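Presented sequentially are two complexes of subunit A, the first with subunit B as partner and the second with subunit C.
Take a look at the complex of A and B:
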């Protein structure tokens, strides 16, 4: 009965932000865009600043930068795309860091909003991946890239009636859509959950302090969990991008 | 959790009559700034950061590889040197043993030679001494005989007061001496 009186704010209040600069223009800057820009600056400051004077015996920051590079270069690029695919590391590394930094805003006190919970960003990143793997597919394999997917070898021709439309939908729609929605849904759900728990804690403190400990502890636990989710989603997005690129370059594998 | 979702659903009707806009739909300006931010991150990292980090790792890998190769070379060289030194030590020990044996053999030879020479010298000395003694004895005997003869002659002259010629006296004395000698044997 007590909680029935709890009013959750309108969903827009969790995701839509007033313009801070250049209001009502195509280049309006709101909280989401500001966090995106701040994230970019932070990434550049850390990675460009940290890599200016590389030493044989690395500093702590240099070790972190090198571990990040190795994680992307060996853990994703060369393992997934291929041993000689190091040229994709800059793109995949930038993609991973970009998503990771944006995701972690979710747990930064007083900010607590991941820009990736706005569809614009996962959508842009997914479309970008989509365009890249189509470009690479056609560049490396010509039209065989498309025909190889639509008419896979070894499948009885009669089954093409079923397989071809499924494959077409998959490479044209499902891949980019799932890529974008997976990231969006995870970050959006996390944000809603954390907000709900924080508001419930506040509400309980004001009305029934004895039960505030429940949502508070849950909020702490979920915050820790969101660290994992933020990292995992950045990793999954990057890994799937690498898988699609590998499929474009070597469709037979 | 049900309470949360119930609250979420309820909030649709509690927003002062404002029609809820779809939070899923992307905003154009957010896409614009996302593109700007990502392109900026990608371009600058690809230009400055990734090559520097990659080069640093490659340099360290090359340094470690070179150091390992050098260490392996040094180890092989050290093992080779150790074998050489062991061989030289064994040779030196063999040489030392041989030299000691030769020295011992030479010392034995010298000792035997010295002993032989000493024995020869000793025998020679003894022979010469015996010869000298014999000659001295003979000379003494001759002198004694002569002296004895003279004394005997003188004595005889005095006793018998008879003057014999010398040759007769000598013959007489020698006869006497021989007689005396034969009686002493």
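Take a look at the complex of A and C:
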């Protein structure tokens, strides 16, 4: 009953950060944007540094990079977009790695905040995907990209009254929105869960130390689970982007 | 005058409490369908993989796609929870 007095902080306290540098200007840098910058630099350093002086017998770093490339090039690009779609690997690869690195900040000790849990970043990535698949659709299929979606073949004429509005909402609103919200909500839920368990542990330590073992063990388990979630969400975002691109290039299948 | 102020304050508290309850029920209800749906998706994917282990790769990819689309509904409920709670 001691734990009943536990007060969870307001949601803003978990996600709003004070500016660190250049406060009160348009270029203000807070924890979120700092982590985004650090991740970009890290990815750049690891991949540019690791791919210099490539050898036939790879070093440890080189074989990790090669496995990452294989995973994206075979598992996502060639399987989903098409056998001859290697030109999309750089885009899909950077997308995957960017989201993966941002998600993994959630479980790095003393940082423990995924920048993808702020809506701006998933929204930006989703809008980028949105623009790319519209552009590719019109470039490869012209106006038939739109008519093919709105008036699918093999559907009775009368059903177009029902199908066309649904498809329109689907490709204009639901696709980018669900893409962004999926990433956001997963990371946000994970962050709230981890914070709640950590706060519960400290609160229990102060008041009833024996109970603290429960939330603590749960916290360790959930942290392991968040590794899986972070990877899976990066994978799903990239996979869906690939599916939408494939749908734009060859809309018939 | 004092009574009116008290009534207004209580009405505000009542509204806050009710919207919290509503948000909780909304999220709970939003989780029912996707819960069943993901179960069906994964269950059938496992059946398919058990029958044809050599097709595991494509089936797994499709399974994640199915999960992602089904899960989106629960996540909309989750976001709505925070919007409704205010």
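By definition in this document, the second predicted complex is superposed on the first by the 253 of 253 C-alpha atoms of A that agree within 3 Å, B and C clash if a C-alpha of one lies under 4 Å from a C-alpha of the other, contacts with A are read in each partner's own complex, and residues count from 1 in each chain.
As a working rule, a residue touches a chain if its C-beta (ideal position, glycine included) is under 8 Å from a C-beta of that chain, and two chains touch if they have at least 3 such contacts.
This is a predicted model, so every value here is computed, not measured.
Look at A:225: by the touch rule set out above, it reaches neither subunit B nor subunit C. Once the two complexes are laid over each other on the shared chain, residue contacts for A:97 go to subunit B alone; subunit C is not touched. Among subunit B and subunit C, the chain that touches a larger number of residues in subunit A is B.
Judged by the touch definition given at the top, the superposed model places A:56 against subunit B, while subunit C stays out of reach. Residue contacts after overlaying the shared chain place A:48 against subunit B, while subunit C stays out of touching range. In the superposed model, A:138 lies in contact with neither subunit B nor subunit C.
Of the two partner chains placed by the overlay, only subunit C lies in contact with A:239; subunit B stays clear of it.
By the document's definition of touching, of the two partners only subunit C reaches A:80; subunit B does not. When the two complexes are overlaid on their common chain A, residue A:11 makes contact with subunit B and with subunit C alike. When the shared chain is aligned, no partner comes close enough to touch A:71: not subunit B, not subunit C.
When the two complexes are laid over each other on chain A, subunit A has residues 11, 184, 188 in contact with both subunit B and subunit C.
Against subunit C, the residues of subunit A that register as touching in their complex are 11, 75, 79-80, 178, 181-182, 184-186, 188-189, 232, 235-236, 239-240, 243. For subunit B in complex with subunit A, the touching residues are 3-4, 7-8, 10-12, 14-15, 18, 20-21, 23-38, 40-42, 44-46, 48-50, 52-57, 59-60, 63.
Across the interface of their complex, subunit A is touched by residues 57-58, 61, 64-65, 67-69, 71-72, 75-76, 78-79, 82 of subunit C. By the touch rule above, subunit A contacts subunit B in their complex via residues 3, 6-12, 14-16, 19, 22, 25-30, 32-33, 36-37, 39-40, 43-44, 47-48, 50-52, 54-56, 58, 62, 65-66, 69-70, 73, 86, 89-91, 93-95, 97-98, 115, 118-121, 123-125, 128, 184, 188, 192-193, 196, 200.
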